[in-house]
Amino acid sequence: MRNLGRFMASDTVMTVDDLRRFMVEVFPQVHRDFTVVSVGPMTASVRLEVGERHLRPGGTVSGPAMFGVADVSMYVAVLAMIGPEALAVTTNMSIDFMRKPEAGRPVTAECRILKLGRALAVGDVLLYSEGVDSPVARAGVTYSIPPGRGARDARAGARSGLGDRADPV
Amino acid sequence: MRNLGRFMASDTVMTVDDLRRFMVEVFPQVHRDFTVVSVGPMTASVRLEVGERHLRPGGTVSGPAMFGVADVSMYVAVLAMIGPEALAVTTNMSIDFMRKPEAGRPVTAECRILKLGRALAVGDVLLYSEGVDSPVARAGVTYSIPPGRGARDARAGARSGLGDRADPV
Amino acid sequence: MRNLGRFMASDTVMTVDDLRRFMVEVFPQVHRDFTVVSVGPMTASVRLEVGERHLRPGGTVSGPAMFGVADVSMYVAVLAMIGPEALAVTTNMSIDFMRKPEAGRPVTAECRILKLGRALAVGDVLLYSEGVDSPVARAGVTYSIPPGRGARDARAGARSGLGDRADPV
Amino acid sequence: MRNLGRFMASDTVMTVDDLRRFMVEVFPQVHRDFTVVSVGPMTASVRLEVGERHLRPGGTVSGPAMFGVADVSMYVAVLAMIGPEALAVTTNMSIDFMRKPEAGRPVTAECRILKLGRALAVGDVLLYSEGVDSPVARAGVTYSIPPGRGARDARAGARSGLGDRADPV
């Protein structure tokens, strides 16, 4: 399987600490649910600290909670590349639930950005339940990026010789 | 646009009251968030009573909350057709966020089931923010139905002459 | 189920004949496969004239052929609203295959646009196999619209009192 | 990013040659379009030999052609694990078009299966245009597997100690 690293030419512009502070400021209702674990060029890892409010009968983690951590992981990955742009919003998420998560265990979302365009960012996310190797869910996520903030992909292409043509979005 | 009514041959087997009681029993954590508004053959309408925990900065309704009401509307629509099967689970949801919901207003999810097979049910949902005519989001939802409960489609086909061949799922 | 007609305030700017001529000019390879059946405000119907090249063993219509007619129906619906913009491109399609189409029969895609924004158009499509009432497949489609062509939704909102705020995309 | 290899415990049961012969027998209309490049445990790589019939104006590869190679790559990956089961069918595909493919160049689809259950297989695919490092498209694919053929996941779990609980699908 091809190594995606060859197109991840740009560095992050926010650290894990920057992102944690940003989450506390901008999302006071939910920042405690989510721990930013790590970020790298075009990648991020976020953990959902599973609590009672995230559970369904039998202790399984709810769909909305899984959606939430997948969504936050993409948001964090994008902001790590473009800076603290609070107006980036989800336009589409497609999520497949593949296995039942372990009762009451944290869920970690590992995101990779596949395209960081001028107006849209597209990525995918694998969700893991602590203690189980196989991903419990997978998501495709698309974010819209406000004008002026999304040009990283073209610049990355120029530096590394990827030859990315200007995308219409 | 074609009227889907011609393939909705079967009646519901649960009423709105049946479903409300079922939700209270089976989902004690969340039943207060959701009001079953109506059900009909292959359709259901569920309202999210938007509270502080469902909001993001600026008062907009969060993605997980929108996911939640879309998911519950499909669950309710399916159970209305097959009976109180608590083990039906979401396998896939694809959701498009199209417009920002009105701050603090309820969101109603209107679901129609497009296929009720032996093992999978497929439907779509339009989400409306109270006071705005255009849907704020749309979702495609697939549920898996435990063995023995999902045979309604074939029976409906036989009664109405739809000629549904046996589908593998 | 709510009538979507209340937000379809704008008229089409292309007729069926306009669209058929446009398809012949712009898509010489495939225009014979697709017949534009009808268009209306925010809706379109396109038929795939199923031939040998569209089939799989057993005579069933192939996935790519179903994808193709769903995609063209959204393209036609969008162009009917914004004019002959050949640069509109598909950014996302999510398609569910629900029933096996009838061997060798035409497949008709009925599309409705749910959002026609400044840069993105979002719609859904039901695909019907001639002679069968139940849809054989369903698709969600998102198109990107080149700058300057996608402002119909905001104008429609102003005229009809929908109060659509300017969307970021 | 976590290495998915830890859950790919089972070996393939078909080789590249087995799969090429199978494609010739079962899909006479399209086998020449697709070259099975490689298979491994839970992975496959298939190349679309781009011809005139796969193109749109300007030489770009059509959406249906991209859909086709993504779909075939998942089909091949699944059959490599469960044997020559011609009745496996696509139930869902969600595809994001991220970059314009190079005019007239082959497109290679690299698939990984994320779940191989008793009735459903879920995977994702990255599509590459020859000569460009960044993927041009990404797809999530779900296949239904006829009864009796899809038990590999549970057996794989037993051998490797993954502890996969019985999934309903």
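Letters A, B, C and D mark the chains as written, and numbering starts fresh at 1 in each.
Here, a residue touches a chain if its C-beta (ideal position, glycine included) is under 8 Å from a C-beta of that chain, and two chains touch if they have at least 3 such contacts.
Everything numeric here is computed off the predicted structure, so don't read it as measured data.
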* **Result of counting contacting C-beta pairs for A-D and A-C, higher pair** => A-D
* Structure fact -> Distance between the CA centroids of chain A and chain B (whole Å) is 27
* Asked: So how far apart, in whole Å, are chain A and chain D when each is placed at the average of its C-alpha atoms?
  -> 24
* Separation of chain A from chain C, taking each centre as the mean of its C-alpha atoms, in whole Å -> 31
* To do: Note the residues in chain B that touch 2 or more other chains, in rising order.
  => 89, 91-92, 94, 96, 142
* So what shape is it, when you link every pair of chains that touch: line, ring, star, complete or other? -> complete
* Asked: Considering the complex alone, what residue numbers of chain C touch chain D?
  -> 26-30, 52-53, 55-57, 62-65, 67-68, 71, 86, 89-97
* Asked: So in the complex, which bits of chain C are touching chain A?
  -> 87, 89, 91-92, 94, 119-120, 142, 144, 146, 168-169
* Structure fact -> In the complex, chain D touches chain A at residues 1-2, 4, 6-7, 43, 94, 96, 98-100, 110, 112, 114-115, 117, 122, 124, 126, 128, 132-135, 138, 140, 142, 157, 162-165, 167
